[in-house]
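Next come two complexes built around chain A: one with chain B, the other with chain C.
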Partner chain A sequence: MTADPLAGDPAAVTKLSRALADRQDDLRTGATTVARAADDAADWEGASKDRFSATVGTIAPAAQRIIGRLDAAIDVLGTYADEVRQIQDEAERIRASQLTTAMDSALTALSLSTAKLAAAAKDATDADARQARRLQSDADDLAATASRLDAEWDALVRRRATAERAASAGLSDTEVLGVAPSYSGTLGRMSDADFLAAVAAMPPEVLAAQDPSVADRLAGMPAETVQAWWDGLGGRGTAGEHSAAQDALITALPAVIGNLNGVPYWARDQANRLSAQRAYAQASGALRDAQDKYGKAVGRAAQAAAQRELISAQERYDQLKNFSAGARTQLDLVDQVPRQMITFHDGAPPLGAFSVGDLDTADGVSFLVPGMGSSLADTTQYMRAGANVLATQQQVGADTAIVSWIGYEAPPNAASTGNLGVLGETYADRGASKLASDLVAFRAVRPDAQLNVIAHSYGSTTTALTLARNPDLGVHSFVTLGSAGIPSSVPDAAATHADHMYAAQAAEKGDIAYIGRKYSFPHRLDPADGFDGVTRIDTTGTHRVNIHGLTAGQGSGDRGYLDIGTPTLSDVAEVTQP
Partner chain B sequence: MRVQWKTEIVIVVGALVALGVTACAGGGQSMPTPKEAKAAAVELLLKTEAAVDVPWPETPEPSAEKCPGGVRFGYFVPVKTETDARSVAQTFQRLWKSEGLTVEPSQKDFGGEGGILYSATADADGAAGAAYQVNATSVVVRITSPCASGSVDDYDE
Partner chain C sequence: MADLLVSYSTLDGVYNALESATKTFEGASMPADGGAFGADDVTGAFATFRTAQERSAAWLGDTSRTLGQYAHDTKSLVQDADDGLAGKAEGAG
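This part shows the complex of A and B:
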């Protein structure tokens, strides 16, 4: 590679250096603001304050580390700009001298040629001979000058190359990057134990900058390994009290930690809230862009394409908005309990699960698995239905939690889309592996807790496959509400491996569950009708359930399976309490 | 066989679409405004609270829920208190029946410290609805307003 001594714009390098200095100022201001907020919260007490203080405590050191690295980068860029400026000045001097020398050499060569002819003529004088010798001497001097200037140019080329290597090395140095460029490769060659120790030792901004393979390797670790590793970073921890290393991992790798089996649910919650917040912000921006694009689309084809994009953006926005709202939506509880965003996968569609109650400590945990047409856009609706179960259990003194598990792509609503996927098993089959993963993960960290599954509609199809394929989950009660049918591969309650199986089937308006079973292919069984080993939950009588949904609300004249004040709710609460 | 399958698919889609249409219908009656609907619910809540002497909390902010063609408001009032659950349940039933509601009571024995949980729902066409769940250590009342004009999206879900 040849370095051109005249190339480049040192003024631009200086400008970049100044911009980095401005960033330093911003960082200092931000760190000061955070420190001031910490001072302002001096009177604040309790677990949330502890958690806040722990987080704030990590910000100033992280900011200082980045400021230090920017310092190093500014030094390198400043040195490089000065050097390039000097080289360019020198290069211009040499180029000017070379030009002058070349012109003088040409003129001298012409004069010398004339003088030599004159000195060789018959009538030549001594003066002619002296003139020719003088011009020859000048030509020799000019040739020497040209040669010296060429050598100086070559030296300048080498100097410029050295300056560029120095800048490149300086900007790649650990003082600037905080990590050796080969670090990801080094991690890849480590044993699991060394890898986990190295990851835990990284500052958050360094960890966040690592190659995706680091996150992938973490995500693939067995839950038991992750649990031991996490606990070694300062104990199991709580939302209010945990180590700086644990906090760094949540901050740097939220998408990994939020779904990492073996990590406590309080940490997954904090990580997933970060991920969901970012996804929601991104979806809001995408919706604005799609609206703008639709407004500007010209022509039928372009409008149709823009409309499809807008519908898709609106759908994703609605899903992420409602999932985020799960953190604050009003729930009918006797005692307010923590809420935990226990999984979040920002895919298409986005999927996730929200717990009402503390999954790290509750004596009993029920997963509520929804059916046809469900998506994250329905998160708060399922949380409210689940909260009715929880409130009833709170009334009788039970310490429980209920998870609205919207962790699989449910079949679309057949009525509104015409999609008949609900009649098949494909969606249940795919969903079963996801549900199994989350139930296995729960069991890994909470072997002592009672585990139940309450499955609505097509959720019972998905759950039946899950439980049949995973005999070691230790499920206490499997409850189906308005089941869309149990696959024939799960012929009786014993095949689900649950200690108890219960089924509620109402005479629903529109016979939704009945239609789902009747036209299913392959044919599915009604768990509430002749399914061996099932205890039927009564939905008849004066207070009969009469709709397919979980809640209808008083005043509507209708009853859902989990409406407050109904015997069906009492029955479900009873069979899913420790 | 194939023809029969296709025919049944058409029937299924027809039935489901018809259901979807039915579910969206019913908006023909004039609806109360949200303010009127809330007032009706709060009136029933205050009468309910006056009927039973327990330390009721302040009237809470209502939750907003979807209802056919509009929005309704739910007032959930839990009280932790030692009480004669059976007597409280009967008092609620008498009151709500006198208000013209159809009351559907039930009870379930949870055993242990939970004891017997007395429950009921109560409805009347176009009026505020109600529900209770009462045991020896707690009283829970939920009053729901009639369906009002508007959208649940107006209440920051």
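This part shows the complex of A and C:
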């Protein structure tokens, strides 16, 4: 496209530059405030401070880099505005001259035509001939002037094109974008190794600004590739000691790193806590908005719609609040151990998994898979149940961890919602692929650890499908508690590929597990009754289990499968420890 | 694991400062060119730059908010622990 020397508004470009300078001031103020927060935190000590310091220290340098990029852009815009202003001034001069020349040429042509007629007449004089020659000379001069002005205009068009190319190149430069000009174009064509090296070299604020396809490609990498790449960035690392490049990745792409198979669990934990905190902050805002909207709704239809929105916002808020609370809920352990948010998916519903114990180092790890009606709103409840298993194992000195895996959308509670999804296999089928993904990921980074799955209610349906479809997981013990039934496609314990399979079935109030199995379609089998290859776990005795839940409410007099004192808890702890 | 040592006022101060920083980062507007360049190539390059700037600053805001929330959560943790200890002390009494 031909450049137009008169196009654009240099005054507006200058104004744009000033607005960028104002933005710099705001960013400086923000960075100063963050630095003040870091200073204010001087008397804060402990592991929580270490995590705070690792991230807060990245903000001010990032803000300075962004300010520097604005500086570079301001320079480019300043040069462009000056050049466009000069070109426009020159263009206006040329256009004015061209207009004058065109008018003079027209008048001269008219006069010349008349003079030529006069000079050609029978009564023409010498003066007539001289006049015609003079006017012809004037016309020739004007034609030369027009030609010169056209050439000047063409040169100005080229000058304008040069100015535009310079501005365009300047705004695409590394100094302005913080990344090589053609990065976004070439990243997609890079080999995995080159792509990962390029990603690791980016500062966090630049990495966070990348196109989503960068995150998508990273998320699709094989666990082995990711593991080698991560270790190459400064070793496997720990929550306390790791490289700046690893920190940058965690803070810039928390939603990716938090669920990236091959990344160590301490890093996934840090990333997921960032993501979960952001999601929780957003859910808090959304709940306030929904409450406000409900309060202002007028008319039955509007109120009904606002109420649905409010219920949905409240549900999401409760889920994210309880999941975040998993970091601090009180657990009765013999020895306090790290807790790790090992996955978090901010979807509808939000899903995640929280470990009690260090998944990077524990000798044995058990995944606790919940059943009907479970959601992130129950995270702390499952963590407390899991902690009972862990505490029992700690009493004999075992180094274990237990993961409350709320990583699939469980069927809703049939009794309270009327939804009969628990009787089918659709939820289990969908959940099985998610559970498999997380178990495969664990195996990829911890081939040495003992891996167990403790599945409650419908969780045993989901787990049975998972284990049957993934024979190489190397599961040591598969334990079912109050199973809602094993799909007929998994006819015996051998089909789960676990080294050992155990089943506990109590005489539950309300016969919940029994009903789930009896009315299941396709019909599911009871792993605690004639299921070939299963060892039955005791639920009877003085402290017998009498409800379907994993734990009973305090003071209720009831006991769930993993309540302290039950024979089931002792047996589950024993068969899931190295 | 190191012991936690911190006062409520410290965590409140950190939270307030980071909330303020978050608002500042989020309020740092990135102007639009409004056709000032008179050239499609320059307009396109500026749009790319503008997007990168907005995303980078959004990261600053997000990270500040997350850290503020973290300080707030840490205070809740300390309060929960205090309440738990108080409850045990009452029970012992």
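By our rule, the second predicted complex is superposed on the first by the 409 of 578 C-alpha atoms of A that agree within 3 Å, B and C clash if a C-alpha of one lies under 4 Å from a C-alpha of the other, contacts with A are read in each partner's own complex, and residues count from 1 in each chain.
By our rule, a residue touches a chain if its C-beta (ideal position, glycine included) is under 8 Å from a C-beta of that chain, and two chains touch if they have at least 3 such contacts.
Please read all numbers here as calculations on a predicted model, not as lab measurements.
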So which one touches more of the residues on chain A, chain B or chain C?
C
Based on the superposed arrangement, let me know which partner A:A54 touches: chain B (first), chain C (second), both, or neither?
neither
Taking the superposition on A as described, I'd like to know which of chain B and chain C A:V534 touches: first, second, both or neither.
neither
Is A:V356 touching the first partner chain B, the second partner chain C, both, or neither of them?
neither
Going by the contact rule set out at the top, does A:A495 touch chain B (first), chain C (second), both, or neither?
neither
Taking the superposition as given, does A:L27 touch the first partner, chain B, the second, chain C, both, or neither?
second
I'd like to know which partner A:Q330 touches here: chain B for first, chain C for second, both or neither.
both
For A:V369, select first, second, both or neither according to whether it touches chain B, chain C, the two together, or no partner.
neither
Starting from the residues of chain A touching chain B, keep only those that also touch chain C in the other complex, and list them.
330
Give every residue of chain B touching chain A within the complex, in rising order.
8-9, 12-13, 15-17, 19-20, 22-23, 61, 63, 65, 67-68, 72, 74, 76, 78, 80, 104-106, 108, 110, 112-115, 117, 119-123, 125, 127-133, 135, 137-138, 140, 142-147, 156-157
Using the touch rule from the top, collect the residues of chain C that touch chain A in their complex.
1-7, 10-11, 13-14, 17-18, 20-21, 24-25, 27-31, 33-42, 44-46, 48-49, 51-53, 55-60, 62-71, 73-74, 76-77, 80, 84
For the complex, give me every residue of chain A touching chain B.
321-322, 325, 329-334, 380, 384, 391-392, 394-398, 413-416, 418, 420, 423, 509-512, 515, 519, 541-543, 553-557, 559, 563-567, 569-571, 574, 577
Residue set of chain A touching chain C in the complex reads 1, 3-4, 7-10, 12-13, 15-16, 19-20, 23, 26-27, 29-31, 33-34, 36-37, 40-41, 43-52, 55-56, 58-59, 62-63, 66, 69-70, 73, 80, 84, 164-165, 167-172, 176-179, 204-206, 208-210, 251-252, 273-274, 277-278, 280-281, 324, 327-328, 330, 336, 338
